[in-house]
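Listed below are the structures to be examined.
Both complexes below contain chain A, partnered by chain B and then by chain C.
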Partner chain A sequence: MNEIIESVKNLSIGFNSQKGKQISILRNVSTNIKKGETVGIVGESGSGKSTLALAMMGYIKQGLFPLKGECLFKSKDLLKMSSRQLEKIRGRKIAMIPQNAGQALTPNLKIGYQIDEALKLHTDLNKTERDKKISELLNKVRLPSPETMAFRYPHELSGGQQQRVAVAMALAGKPDLLLLDEPTTGLDVTTQAHVLELLRFIAKDTGTSMIYVSHDLGAIAQVSDRIVVMYAGEIVLEGPARKILKEPIHPYTYGLLKSIPKLSLAGLPASMPGSQPQPGSINEGCSFYDRCNLATDNCKKNSPDLEHIKELDTNVRCFNYKELINQNNNLQTSITKKSNNSEANEVLKLKDVSISYAKQKFFDQLLNKISDQNPTVKDINIDIKKGETIALVGESGSGKSTILKSIAGLLKTKDGQIKFENDRILSSDLKMRNPNDLRAIQLIFQNPDESLNPNHTVEQILSQPLKLYFNLSGEELKKNIIDLLKKVRLGEFYMSRYPRQLSGGEKQRVAVARAFAAKPDIILCDEVTSALDVSVQAAVLNLLQQLKEDLGTTYVFVSHDLAVVRAISDRVAVLYQGRLCEIGPSQNVYKFPSHPYTEVLLGAVLEPDPDIKPKLVAEDIVEEKPPEKGCSFQGRCPRKIGDICNSEIPPWQIGENGNAIRCHINIEELASLQQ
Partner chain B sequence: MLLLILKRIGLGLITLFIVSLITFVGVEVLPGDACTTYLEREAYGAALDACIKRLGLDVPAYERYLDWASNVVRGDFGYSLSGEMPINEVLGPRVKNSLVLASVSILIGIPLAIILGIITALWRDKLPDIMISTITIFSMTIPEFISATLLILIVAIWLGWLPGIVIIPSDATFYELLSNIILPVVAISMIMTAHMARMVRSSVIQVMASDYVQMAILKGVPYWKMVFRHVLPNALLPAINVVALTIAWLLGGVVVTEVVFNYPGLGRLVIESISNRDLPVVQALAIILASIYVGINLIADLMTLMLNPRLKSLQIRK
Partner chain C sequence: METNLITEDKQKNKLEKAFEILKTMASKPSGLIGLSIVLFHVVLALLSPYIAPYDYKAISPNTMLLAPSAEHWFGTDSLGRDVFTRTILGGRTALTVTFFGSLIALLWGGLLGIFCGLVGGKIDDVVMRVVDAFLSIPWILAMLLIVSLLGTSTEVLIPALGFFYGKGIVRVARAATHDVIAKDFIVSARARGHSNMSIIWNEIIPNVRDAILVEGAMRWSWMLLGFSSLSFLGFGVSPPTPDWGLMISNARGLMSFAYWSVIAPIVGLSSLIIGINLTADAFAKALGIDRSTKAPV
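Moving on, here comes the complex of A and B:
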């Protein structure tokens, strides 16, 4: 167990800036990987995790080059090897499982071929033995019908299946070390939990060492024996997983853990100010100085070394780490949020709403109707109160964004009505809505890079809605823009910036400011924090909550992340295949009884705690279409009771906790099953 | 899949029908008719009557269109005015000449372009790329008539190695043709190869930067194997359509080159018949050129469909 497989020594990697300056993005990184051990490397995007992982295979991305240090694999430096020598090691001794298997599998080659290629390169098996091995491998990663699977092209598989193929391919050469770069990012929650479970099983079964790179402490917590925390290209904390997660003694890790919303905790997570410095902008002092609440003058001038603390078996890069020892109780706190006034009137009602993406047939077009018997979204009934935050939760394809688009008037409804204020029916066609209704409902998108015009300055972006809805100009316009920026905690000087000059969190703030510029009654938030790092996510969540408390805005908040939903929302609606499964106050959705689908989702949540393991109750299959009749969840339901689920739409039942649940199982029975 | 092919063929036929209609109507609405345009000042009295009779201009327009169209479908384009002989006889040798010129240029130019494109991409920013890219960009920017004239000046006049202009009897054998067309082929290939090589280069570079190529490297796939199995099939797929357009452009006659070298191909025929106001020939050429474009693009689309597993299975599922 103590044999070292690979050791990185004082590694620095950098690039030449346009001004000819040498800028390092990895600085003096040293670490060891032992046999049979899984090491998690965690950090925000841009912290150098991927660069480090790739360097450990002797691969340096184009444009970058090693400045100093070495990567010793079995005491030979990978960075000095010829490509011939590396071919012998890659895939055979060290194998990679990429972030996005969908893009990492060659599109014109069948998956059987791609696995066979690895077998041919790295084993001496003959053709029949290899064919058998391919089936074996596909079986091992738990893909259905391995025989036919081998003849499929990558695009014919779902995201989770592609990721499994990548795992099978990596295992083909029986490597000693597996490198995984964000292997579950971008997968659905349930799929993610399944893939992690598979990886844990493989690590145990084959004794392979693993390096697991991720920005997600929840995922890291599930697989790692040891954790390395990176910040701005440096290791800031390194030690046994349990210690790092439960008693983090570096201010960055501490703040990171606090900013993750947790299922067990009501209220919003605390956020860390600021963002990670850009490579090249760190001159002297500690790179975390700007964001650190323990910083002293010493930190500004001197940069701390990575110090080994024997009794904790931990390396830490901080002058003041002692202040954090035994502070772990504070980790379990959060910011309580003001609950909304439940007496308030309803502002938005969805009544029997169905939405279809089916192409209109010619005759239907003439009659202006849609005759789809099995629409993507069906029979949605939700009443939303003023000042309330209602969350729509479900895996990808569950129809969350579809419903948002319909409320915004971007997508026609097939049946049903959307009623706004005093039961006035809103046309589902944007062009038929009056300007005031358009102003009253605003959207914020997942990816600010796509929703902000790259050629406009922040000032131009924010002035558009102000001009359009309020006819402002001159001094007044400027004053309003500055006010808006202040609301989202951005200084006046941001006015002249372009989106590319902003960090991810700043961009999302500008998007929030743009939505608020219209003084809307309702804001539709579509996965607004999914593309952000956790520390930034916490800041945006707190910002949204603050604005709502000040201005009384109503949010419809779409997310796949139950923990985030728990933190921000007052009420949760759970969707599967475009049908409502459960709806209720968010503090209760996490209490049983739950709809079987909610139970599956709750079980799959990854908490940054090695003691809380996900419960995998349902298969992670992907359904392309909702079932024609019966319960929408019949295809995957682990509690399915029989034919009635296939034939009849289940009734709504109200549980003890006030949740409405749509299931054929009697609600009391469900409660006792879930105890 | 079959349905899709039929649909594409149907669409092609409709395109051709529309082209034929447009050319016919275009000729029809021009002031005067084929005879007055052709006979010019002598367009009166017996000569005009005879001409009208000969071309059948005395029947209503739609009847003439139907008549003409049905003949075209049977492969008969009617009579040329200037040569006073069947258009088929005028076209025959021209089509053959263009075909020879085009096929030789294609056989040399396309493989060369692909090879150069790949070399420049794989040795990106190294010496081979810098040298080849400079030459390709250079030959892309010089207009054809200049490069063609320069070729004549240097090779034919100063060095005296090859004839400067092409003089071939209409019954020339393929071999005779070949020795005559070296210079035109070089002139055409220069531009064509340069354009295509640039395209292949950027396509290969793009694929080389993809995640799946990085994955193949990290899997330990040897370099050349990776290039041939993982890079080229994906990089050359989008090139098919560009190659098709180039072939169509070549078959349709490379007007400038043909004129400079006095090469009797389709391109020059277009110029000649327009300046002679030989409207029946213009009509015939319009249909032929349109058919070439439609046909070749159809083939290219079908090939892309066959070779791209993504599109293939999409179609099958539907």
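Moving on, here comes the complex of A and C:
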């Protein structure tokens, strides 16, 4: 167990800037990977974690070069090896699983063939041995019906299954070290939990060492024995997983853990100010100085070294870490938010809304109707009160964005009505809505890189709604823009910036400001924090809550992340395949009894806590289409009771907590089942 | 990497930006050479009427096919006209015709492409079919037809060249528009209720402009070659207008003993084509557009 497989020593990697300056993006990194150990490397985007992981297999991205240090794999420096020597090691001794396995697999070759190629390359087995090995590997990664799996093409597999194939291929060469770069990012929550469980099993079963790189402490917590925390190109904390997660003694890790929304906590997570410094911008002092609430003058002038603390078995880079020892009961707290007044009037009603993506047939086009018997979204009934935050949750493809688009008028409804204020029906066609209704409903998107025009300055971006809805110009326009920026905590000088000159969090703030510029009544938020780093996510959530409390805006908040939803929402609606499963006040939806699908989702949430393991109750299969009749969840339901689930749409039942559940199982029985 | 760094945070006006791009273009040797060649030709073309030492159409039997000398730097042609005069004036013709031709190509190609990319669906299909159909006609045949019907005046040549070289721009503009309209900022503008015109003007054009301009610059050099080929075949501008293609064509039989009358226009034409090509490449690089991925049409 104590044999060291790979050892990184004083590694610095950098690039030459256009001005000829040498800028380092990894600074003096040292760490050891022991045999059979899984090490989690965690950090925000841009912290250098992928650069480090790639260097550990002797790969330096183009444009970068090692400035000093070495990567010793079995005592040989990978960075000094020729590409021939590296070829012998990669795949055989060190294997890598990329983030998006779907793209790494060759689309026109069968799965079995691709694994066979890997076996040919990395082993000396003959044909029959290889065939045996292929089915062995497919079994090991627990693919359904492994016999037929070998004869399928990558596109016939779901994302989770593709990731399993990638794991099988990586295991083909019996590597000593497995590198995983964000292997579950982008997968659905339930799939993610299954893949992580598989990885943990494989680590145990084969004794392979693993390096698991992720921004997600929840995922890291599930697999790691040891955790390395990176910040701005340096290791700031390193130690046994349990210690790091339960008693973090570096202010950054502490803040990071606090900023993660947790299922057990209602209310918003605390946020860290600011964002990670850009490479090259740190001259002296601690790189976390700007965001640290323990910072002293000493931190500004001197950079702390990575210090080994024997009794904690931990390395920490901080002058003042002692203040954090025994501070950690504070981790389980959150900011309470003002609850919404439940007496308020309804501002938006969805009545029997169905939405279909099916192409209209010719006749239907003439009659201007859509005749799809099995639409993507069906029978949605939700009444939304003024000033409340209602969340729509569900896995990808559950129709969350589709519903938002319909509310915004971007997608026609097939049936049903969308009513706004005093039961006035809103046309589902954008062109038919009056300007005031357009103003009243605004959208914020997931990815600000896509939702902000890259060729516009912040000033131009924010002036669009102001000009369009309020006809502002000149000094008044400028004053309003500055006010808006102030509302989202950005200074006046941001006006002349282009989106590419902003960090992810700043961009999303601009997008928030643009939505608020319209003085809307309702804001539709589509996964608005999913593309952000956790510490930034917390800040954006807090900002949204603050703005809502100040201005009385109503949010329809779409997310796949149940913990985020728990933090921000007053009410939750759970969707599966475009059908409502459960709806109720959020504190109750997170209590039992729940709809079986809600139960599955809650079970799969990854918490940054080694003691909370996900419960895997349902298979992580992906259904292409909603079932024609019966319960929408029949295909995956672990509690399915029989034919009635396949044939009849379940009735709504209201629990004593006030949450409505759509299931054939009697709600009291459900409660006792879920005890 | 570099672009990730927060760059200095000064608002630049259009002029400063254009200057910046020029500076980036000139920072590589190939770009600098291209720019210098183009600049040289443009300046020469502008000044040529004032510096031309002789009358370009003055025929004189006494000075036929003279070798280069102090009076006639590049010699004289078979009609006794000064080759230097005709070469510098020929550049003027070529640049004017192809510059305005490219402008027309850019305008109609760009606008139609943006329109097709934006509306999509059936209309887009039909328009692109028609464009493809035109694309499959050998352009030189079509040009010959047009010229023989309508004559060879520049009023005919400029729009005709513009039309034929605009087809490729339609494709580029359409593809760029397609990429852009899938982005959420367009959805966002739609949801806010902006008019189509406002979306085209504010959201789409700023994002496709660069790709279209680069394509236009590239087309310019091709058009130059096309135009000179037409003249060479006798279907370009009509004599005695000084023109490189025409000069090469007239002098090609005399090449073995009066090489000078053909060297000057050849050097002029090829250097300008190379210059524009290098400039267009540098322009594309300065704007961060990767031309290698786009198939030439």
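Convention: the second predicted complex is superposed on the first by the 674 of 675 C-alpha atoms of A that agree within 3 Å, B and C clash if a C-alpha of one lies under 4 Å from a C-alpha of the other, contacts with A are read in each partner's own complex, and residues count from 1 in each chain.
The rule is simple: a contact is a pair of C-beta atoms (placed from the backbone, for glycine too) under 8 Å apart; a residue touches a chain by one contact, two chains touch by 3 or more.
Model, not experiment: these values are computed from the prediction.
K.L.:
Just from the overlay, do chain B and chain C fit on chain A, or is there a clash?
P.N.:
They fit: once the shared chain is superposed, the two partners occupy separate space.
K.L.:
Identify the partner contact of A:442: answer first if only chain B is touched, second if only chain C is, both if each is, neither if none is.
P.N.:
Touch status of A:442: second partner only.
K.L.:
Counting only touches as set out at the top, which of chain B and chain C does A:493 meet: first, second, both, neither?
P.N.:
A:493: touches chain C, not chain B.
K.L.:
Calculate the angle at chain A, using C-alpha centres, between the directions toward chain B and chain C; round to the nearest 10 degrees.
P.N.:
Between chain B and chain C, as viewed from chain A: 30 degrees.
K.L.:
Contacts for A:117 in the overlay, against chain B (first) and chain C (second): which applies, first, second, both or neither?
P.N.:
First partner only.
K.L.:
Once the shared chain is lined up, is A:30 touching chain B (first), chain C (second), both, or neither of them?
P.N.:
Neither chain B nor chain C is touched by A:30.
K.L.:
So in the superposed three-chain picture, is A:95 touching just chain B, just chain C, both, or none of them (first/second/both/neither)?
P.N.:
It touches chain B, and chain C stays clear.
K.L.:
For A:468, using the defined touch cut-off, is the partner it touches chain B, chain C, both, or neither? Pick first, second, both or neither.
P.N.:
Once the two structures are laid over each other on A, A:468 reaches chain C alone.
K.L.:
Just how close are chain B and chain C at their nearest CA atoms in the overlay, in Å?
P.N.:
Taking the overlay as described at the top, chain B lies 5 Å from chain C at its nearest C-alpha.
K.L.:
With touch defined as at the start, can you tell me which chain B residues reach chain A in the complex?
P.N.:
Counting only chain B, the residues touching chain A are 209-223, 229-230, 233-234, 237, 307-310, 313.
K.L.:
Would you mind writing out the residues of chain A in touch with chain C in their complex?
P.N.:
By the definition above, chain A touches chain C via 15, 17-18, 23, 46, 63-64, 278-281, 408-410, 430, 433, 435, 438-439, 441-443, 445-447, 450-457, 464-465, 468, 493, 496-497, 500-501, 514, 518.
K.L.:
Touching residues of chain C toward chain A in the complex: what are they?
P.N.:
1-7, 9-11, 183-185, 187-194, 202-203, 206-207
K.L.:
If you look only at chain A, which of its residues touch chain B in the complex?
P.N.:
54, 57, 59, 62, 83, 86-92, 95-96, 98-100, 103-110, 117-118, 121-122, 153, 155-156, 166, 169, 173
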